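Pasting a structure below so you can have a look.
Each chain carries a letter (A, B, C, D, E and F) given by its place in the written order, and its residues are counted from 1.
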Amino acid sequence: MEKPGEDRPTALDLGPQAELDAASSAYFDKCLEKLGFVPNVLRAYAFDAAKLKAFIDMVDNLMLADSGLTKLEREMIAVAVSAVNHCHYCLTAHGAAVRQRAGDPLMGELIAQNYRAANLPRRQKAMLDFAVKLTEAPDKIEEADREALRMAGFSDRDIWDIAAVAGFFNMSNRIAAATEMRPNADYHFLARDKQG
Amino acid sequence: MEKPGEDRPTALDLGPQAELDAASSAYFDKCLEKLGFVPNVLRAYAFDAAKLKAFIDMVDNLMLADSGLTKLEREMIAVAVSAVNHCHYCLTAHGAAVRQRAGDPLMGELIAQNYRAANLPRRQKAMLDFAVKLTEAPDKIEEADREALRMAGFSDRDIWDIAAVAGFFNMSNRIAAATEMRPNADYHFLARDKQG
Amino acid sequence: MEKPGEDRPTALDLGPQAELDAASSAYFDKCLEKLGFVPNVLRAYAFDAAKLKAFIDMVDNLMLADSGLTKLEREMIAVAVSAVNHCHYCLTAHGAAVRQRAGDPLMGELIAQNYRAANLPRRQKAMLDFAVKLTEAPDKIEEADREALRMAGFSDRDIWDIAAVAGFFNMSNRIAAATEMRPNADYHFLARDKQG
Amino acid sequence: MEKPGEDRPTALDLGPQAELDAASSAYFDKCLEKLGFVPNVLRAYAFDAAKLKAFIDMVDNLMLADSGLTKLEREMIAVAVSAVNHCHYCLTAHGAAVRQRAGDPLMGELIAQNYRAANLPRRQKAMLDFAVKLTEAPDKIEEADREALRMAGFSDRDIWDIAAVAGFFNMSNRIAAATEMRPNADYHFLARDKQG
Amino acid sequence: MEKPGEDRPTALDLGPQAELDAASSAYFDKCLEKLGFVPNVLRAYAFDAAKLKAFIDMVDNLMLADSGLTKLEREMIAVAVSAVNHCHYCLTAHGAAVRQRAGDPLMGELIAQNYRAANLPRRQKAMLDFAVKLTEAPDKIEEADREALRMAGFSDRDIWDIAAVAGFFNMSNRIAAATEMRPNADYHFLARDKQG
Amino acid sequence: MEKPGEDRPTALDLGPQAELDAASSAYFDKCLEKLGFVPNVLRAYAFDAAKLKAFIDMVDNLMLADSGLTKLEREMIAVAVSAVNHCHYCLTAHGAAVRQRAGDPLMGELIAQNYRAANLPRRQKAMLDFAVKLTEAPDKIEEADREALRMAGFSDRDIWDIAAVAGFFNMSNRIAAATEMRPNADYHFLARDKQG
């Protein structure tokens, strides 16, 4: 197991970890307990307690709050967007999450490599088509694109969530790329067993 | 002046405004007082109090907290990124912010149209070159790109802030595009006077 | 008001203004009378009387001669094409023209930022879709694209005019970019009033 | 030999040829005498005498007037730009012109296929590098690009001419694509002999 | 006529020609007899007998073995793919092959410049649309693309052959580009006569 | 373990496996012995014995014959090219090969996600920069690109091999995409152990 603080999580020298507030400390503890490590993206943000807190609040709400999208679907969007952007950090961390949530060691690879090869159900295919177009050519989204999501069974609130998750990883991918953020090595080994 | 709630801020039907917590209500009041209106992006998020709060916390920290970047520089990044993504909402709202903060009614237009035509000082040119490359081809950022920022006088913490602001508007641009977010008309008229 | 000759209209040193023929001189006078200044694109061309005359003859015919397209529609094409090419000069000069001809201070901004956000009537949406595809991927235009214009009510002569205006601004945008052509500052302040 | 008027020069039905003024008639006669045919681009424009005249005046000035660029160099720009845009009409017509002016039946092919394979002298390589960047990404031209032309021996007036010719064919390529303009078949057979 | 060995077929110094096995020697002889020269791509590979043999075996099977595609159709794919990749070598060599096999001196040019301008029968248009999409965006091929080929009359084995030929020239184009492979000059003069 | 023939290796119905010649049969047996399965790409080609043999001969020579590139380096090129093309089949099969040959369960992931994040030695970074440029923009390769490889220690014969391997996977990626080739599931589980 990797020890937090052992090496720098990015190519930037951002100074020491800030004194964390109680909520962030508890969040770090929960990560250690559940994953065995603190994700490097959190360690990277930890040079500034306010930035860390804002990041945790947003990502937690997006990925875990009530939504018409399942948690697996939100992780699939994360990975499909990160594949377009070739983001090493997010493909590693969220690829593991897809493997875990899908209970399928191949699904994360499939989405990370090319979701079009995954023979997804129509609903998830439409969801990722939208997320990928939004990533590649946001200026070309039109009402017809939203209408295609509605035809696939999504409500307008679901469309907001698809947009918000796809948007968020277009942010995270870029912060990771700009700073050369390095994923915790442990992610590579999660949920790789054939039994899922 | 536009009245909040008069018309929907996006193409989505997201239901009524949630009951806002005290902090968000105060934030809306401050907008009304300072701008004369509540920015539509906040009205759009207001269907869900937790999402609204997370958004306000992040954007406020990014654009207003202490940083090696001036507030004008952060708005310039917002506009240069939004120009690449052809984001109607952000070009309108943050174009106005650049005009205001620069005290120059032409500067917002210049950055929104093509920052390369603005004959910017080397520091700001390097900053926007990085932000635009990060927007167009995040997978191609390398150590040489960070080094170019350091050579232009930026610290590693400044690089984080450039990345974080550029990343954030890559998120916001996409949420605005996905939902057809409409800027408040008042933005168009702000800070247009020749005297600045 | 800016005085002609006060500063160079491009980054190139093209020598002094040529002796203009009577028609071009009259044209410059008309600009001064109607706009209060000579557009910098004309000042840029004025180093060579024959080039200036050929440019004026073409642009005048394209934008003002009888056509199935209104003058506003031709300006909208100019701005939509210039938005793809991020042309500072043409977005400024023709953005002002759209504001003026539309009697709407927001319309120029909308087209300059992203015409897809403007909720245009079907006819104008089809016209700009064609002009933008012709700008981005001229090799991919096929009979189906012309047929879409005919279905939106355009005649074959109208299609010629759409092509000719879109083509022309693909030329002008590039000459402006190659020479760093600077728009007259006055354009920024034209037709900005709320009343239109 | 092809007879003028035998078949339509584009996919558009633009009506009958207009009554040409004396200058345009003389120009058509000169083409017939020198080439044995009237180029279809002129036949296409001939539905409107004013548009035809403006086109002839501009193209004639660009390609034949005094310039620091040789006539062959201007044709090379025409072909290199048309190669980027995959323009059937201009590659055929101006490919023939390069073969003729170069006295080299292979040169036209080389530029039409990929000028980088032509082992051109530094001056012409720099000229086409600029013209092609201006075609592909006009918004990314910067002072360094102009400076590279100056280092290769071009004056500022030469830079104007490079820009003007490259710009013009970005217009012509698009008008040809939009209208499916068909080159006269005779162009294919011009200047194909091994002796040049 | 060009003499084999007179000059290097690429920009690389790959050493002397290997001792060829009997099959490759016979193949070279057949080229000399039929074409009057050994294609430079074979001369380039000849530094290594095993690589040369593998290349000949594959290209010969692809272009000449029994197939639901005619030999002309396979050459058309070669040229359409090479046009996307702007490959000087393959456009020259296979452009000549299209002229010869089509018995039409213009057809090679048309496909090399822009196959969309060729008014091809539906079958061949569908075939080249697939080959070009596969070249430009292989990751975006979906079942609908295969289905379009089936609707145009192609069997699944034909689809394999379209893919294999398009794939092969995406390889060859890149080897030619990487090594600056130079086509034999004689190709330029083949099948240029008006009579075809 | 997967049984050969259990399910179709592509989306195409290519008929039954052809009668294999002795060499191909032996090759299949060797795969079964070493890997425990016959790679689906071979099963896909097996509908035609001649095509299968030509494919095996070429890929075997490229990946296993003597070369200035190590076998690992050739697999790294395969994966970096396949990452650009988002090829599910090749990323899976050759990602496993990189993990095995590198004795490093993370290396395959790194190259498949973004080789720029791998902090490779200068030699391998230069090699993959060339392979990726050749994949993305083959028409833009120039002598300077070859020179960069020479400066990083590669001979002209090594450059041929880099080009040939990169070219080959641009072919394979496209055949896999065109046919929806499915990797054997076993690849996912190879060489995943932390110990390498």
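We take it that a contact is a pair of C-beta atoms (placed from the backbone, for glycine too) under 8 Å apart; a residue touches a chain by one contact, two chains touch by 3 or more.
Note that the structure is a prediction, hence the values are computed from the model and not measured.
Asker: Of the pairs A-B, A-C or B-C, which has an interface that repeats that of C-D (more than half of the contact pairs shared)?
Answerer: Same contacts by residue number as C-D, out of A-B, A-C or B-C: A-B.
Asker: Between chain A and chain D, how many degrees of rotation does a Cα superposition need? Round to steps of 5.
Answerer: Between chain A and chain D the superposing rotation measures out at 180 degrees.
Asker: On a CA-centroid basis, which chain has its centre farthest from chain C's?
Answerer: Taking each chain's C-alpha mean as its centre, the farthest from chain C is F.
Asker: I'd like the Å distance between the centres of chain B and chain E, where a centre is the mean of that chain's Cα atoms.
Answerer: Spacing between the chain centres: roughly 51 Å.
Asker: Measuring from the mean C-alpha position of chain B to the mean C-alpha position of chain D, what distance in angstrom results?
Answerer: Each chain's C-alpha centroid was found; their separation is 44 Å.
Asker: Cα centroid separation between chain D and chain E, in whole Å?
Answerer: 29
Asker: Among all residues of chain B, which ones touch two or more of the remaining chains?
Answerer: Each of 86-87, 114, 139, 141, 180 in chain B touches at least two other chains.
Asker: What chain pairs are in touch here?
Answerer: Result of the pairwise touch check is A-B, A-C, A-E, A-F, B-C, B-D, B-F, C-D, C-E, D-E, D-F, E-F.
Asker: Under the touch definition given earlier, write down the residues of chain A that touch chain B in their complex.
Answerer: Contact set of chain A toward chain B: 11-15, 47, 50-51, 53-55, 57-58, 61, 65, 85-87, 130, 134-135, 138-139, 141, 143, 146, 156-157, 159-160, 162-164, 166-168, 170-175, 177-180.
Asker: Once bound in the complex, which stretches of chain D touch chain E?
Answerer: 83, 86-88, 91-92, 105-106, 109-110, 112-114, 117, 180, 182, 185, 188-189, 192, 194
Asker: Using the touch rule from the top, collect the residues of chain B that touch chain D in their complex.
Answerer: Residues 114, 116.
Asker: Please output the residues of chain F touching chain D within their complex, sorted ascending.
Answerer: For chain F paired with chain D, touching residues are 139-142.
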